[in-house]
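In order of appearance the chains are A, B, C and D, and numbering begins at 1 in each one.
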Amino acid sequence: MNAEELHAYLVAEFPQAFGEDRPHRVVRVDGAGVGLTLSASEEHLRPGDTVSGPSMMGLADIAAYAVILAAIGPVPLAVTTSFSINFLRKPPAGLLVADARLMKLGKRLAVCEVGLRAPHEGGNPFAVTGEEELCAHAVTTYSIPS
Amino acid sequence: MNAEELHAYLVAEFPQAFGEDRPHRVVRVDGAGVGLTLSASEEHLRPGDTVSGPSMMGLADIAAYAVILAAIGPVPLAVTTSFSINFLRKPPAGLLVADARLMKLGKRLAVCEVGLRAPHEGGNPFAVTGEEELCAHAVTTYSIPS
Amino acid sequence: MNAEELHAYLVAEFPQAFGEDRPHRVVRVDGAGVGLTLSASEEHLRPGDTVSGPSMMGLADIAAYAVILAAIGPVPLAVTTSFSINFLRKPPAGLLVADARLMKLGKRLAVCEVGLRAPHEGGNPFAVTGEEELCAHAVTTYSIPS
Amino acid sequence: MNAEELHAYLVAEFPQAFGEDRPHRVVRVDGAGVGLTLSASEEHLRPGDTVSGPSMMGLADIAAYAVILAAIGPVPLAVTTSFSINFLRKPPAGLLVADARLMKLGKRLAVCEVGLRAPHEGGNPFAVTGEEELCAHAVTTYSIPS
């Protein structure tokens, strides 16, 4: 699946998260993995105008799922078995980018790495690695049904 | 803080999560820790009527925060530094209970353990440990400002 | 397997770790899980006479493996897929106890929780929970071959 | 510190791990981080001639410590607060390379990422990223004394 196909698939499967007026968007699918953005608004913020932890976790979780979809196509029964995140820097309100890549794609288990970053104003959310430092780093494990 | 005080504090601080018509509730504060419930509805569900991963992560995150509040009082600047969860069994739609306890409360760092379980129909969400098996198990780390 | 059978099996399988003059020992197998001890000597210590991190990780890893063995018998191909530990308090030189229990035993995946504690002088390493506070807490995941 | 200085420091501090006839070696210190090797022999192997989990954890732990040393100089009181590893592929006996980099270096907390890989025969252990796939991926957190 390319970025448009993946976005369309996610609009259909997760209408709460993707689609018109919804905050998530697929911006990149290539050999390095998948890029997603969260346009953080009121509901995603904590006092101090920083993006809430659960919003960051939700973005990382869906980015990891998207990179598996991009690699092996729709596997609606794939389930997250573990999720681990380190929060490194507080992201400001605005656009948050998740870059997900597969560290392992086995028959039964997939392991994904996700970096979250806030692009500089005017920066390019489509770039795999910006000059921005990471806001958070997550590792997730999926069980793939046989 | 007891359960009512803690609930009132969380209604004021997280009106999206706690309060009338909101899904989270403090049900227990005692020497063993803190119990919270999530009444999972449409917005928290995934196909198959199971509670979504991010909803479970959000519940665990807030339960860990609540047990720190209960122990040391309001520390609005405490920040989650890491969050790690294993998903063990799919919870059905309905009530999900989070039991949080402190494994370490240091000067700079607090480490919390959170078990999530779905009480049997008619079961007691106020019990610390029900006969239910765990749906998920999380460990979170907080940095406490000096 | 009971404690003696499990110990004998581990002496045969891991002669570097279990057996005469070796530091690990099975001290408990019951419905709550498995208890192992490490008698920490020179090779396990760091400056300050505290047990080294890798020694604690090795003890937790083998305790998690032991609780799977105790539950389903010898599965020599079971492999650790992930291991996560929080260090909570520095243990003194001497005896370190690992209490391991299964949080999930599925067909393909087992998830174990391990608590490490240093029993008080004269304390009982055979007790499941001592009055001691945890030195470390680990969660490990195993893939079970089909 | 450069690679030789760092190696010399570790020989003095961890004589069990570094030095003549010892299996660990610093092979790289640069802007990208630190590279360490483990020359796995009998004591590090499991049946099937694969490197044991605890040996891989020990290598990752020491590589994370080394990258902090390289960045801020000797901080003998820095302590690991958490360690998390995913095992991705079984490494063969022989040379194992750990590439460690800092994801965050704060005043109180450092977060490191470590990739473990087995270089192809004749491959270059000094390269930051080989063509090899990762055998394991670890994230560790250190508390830095104030």
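Side notes on the structure shown:
FYI, a residue touches a chain if its C-beta (ideal position, glycine included) is under 8 Å from a C-beta of that chain, and two chains touch if they have at least 3 such contacts.
Since the model is a prediction, treat every value here as computed from it, not as a measurement.
Counting steps between touching chains, the shortest path from chain B to chain C takes 1. Touching chain C and chain D together: A, B. Ranked by separation of Cα centres from chain B, the top chain is D.
Chain D has its Cα centroid 36 Å from the Cα centroid of chain B. Taking each chain's centre as the mean of its C-alpha atoms, chain A lies 28 Å from chain D. With each centre defined as the average position of its C-alpha atoms, the distance from chain A to chain B rounds to 24 Å. For chain C, the set of residues that touch two or more other chains comprises 81-82, 84, 86, 141.
Taken together, the chain C residues at the contact with chain B in this complex read 84, 86, 88-89, 103-104, 111, 113, 133-134, 137, 139, 141. Those residues of chain D lying in contact with chain B across their complex are 81-82, 84, 108-109, 141, 143, 146. Residues of chain D that touch chain C in their complex: 13, 16, 43, 47, 53-54, 57-58, 61-62, 76, 79-87, 90.
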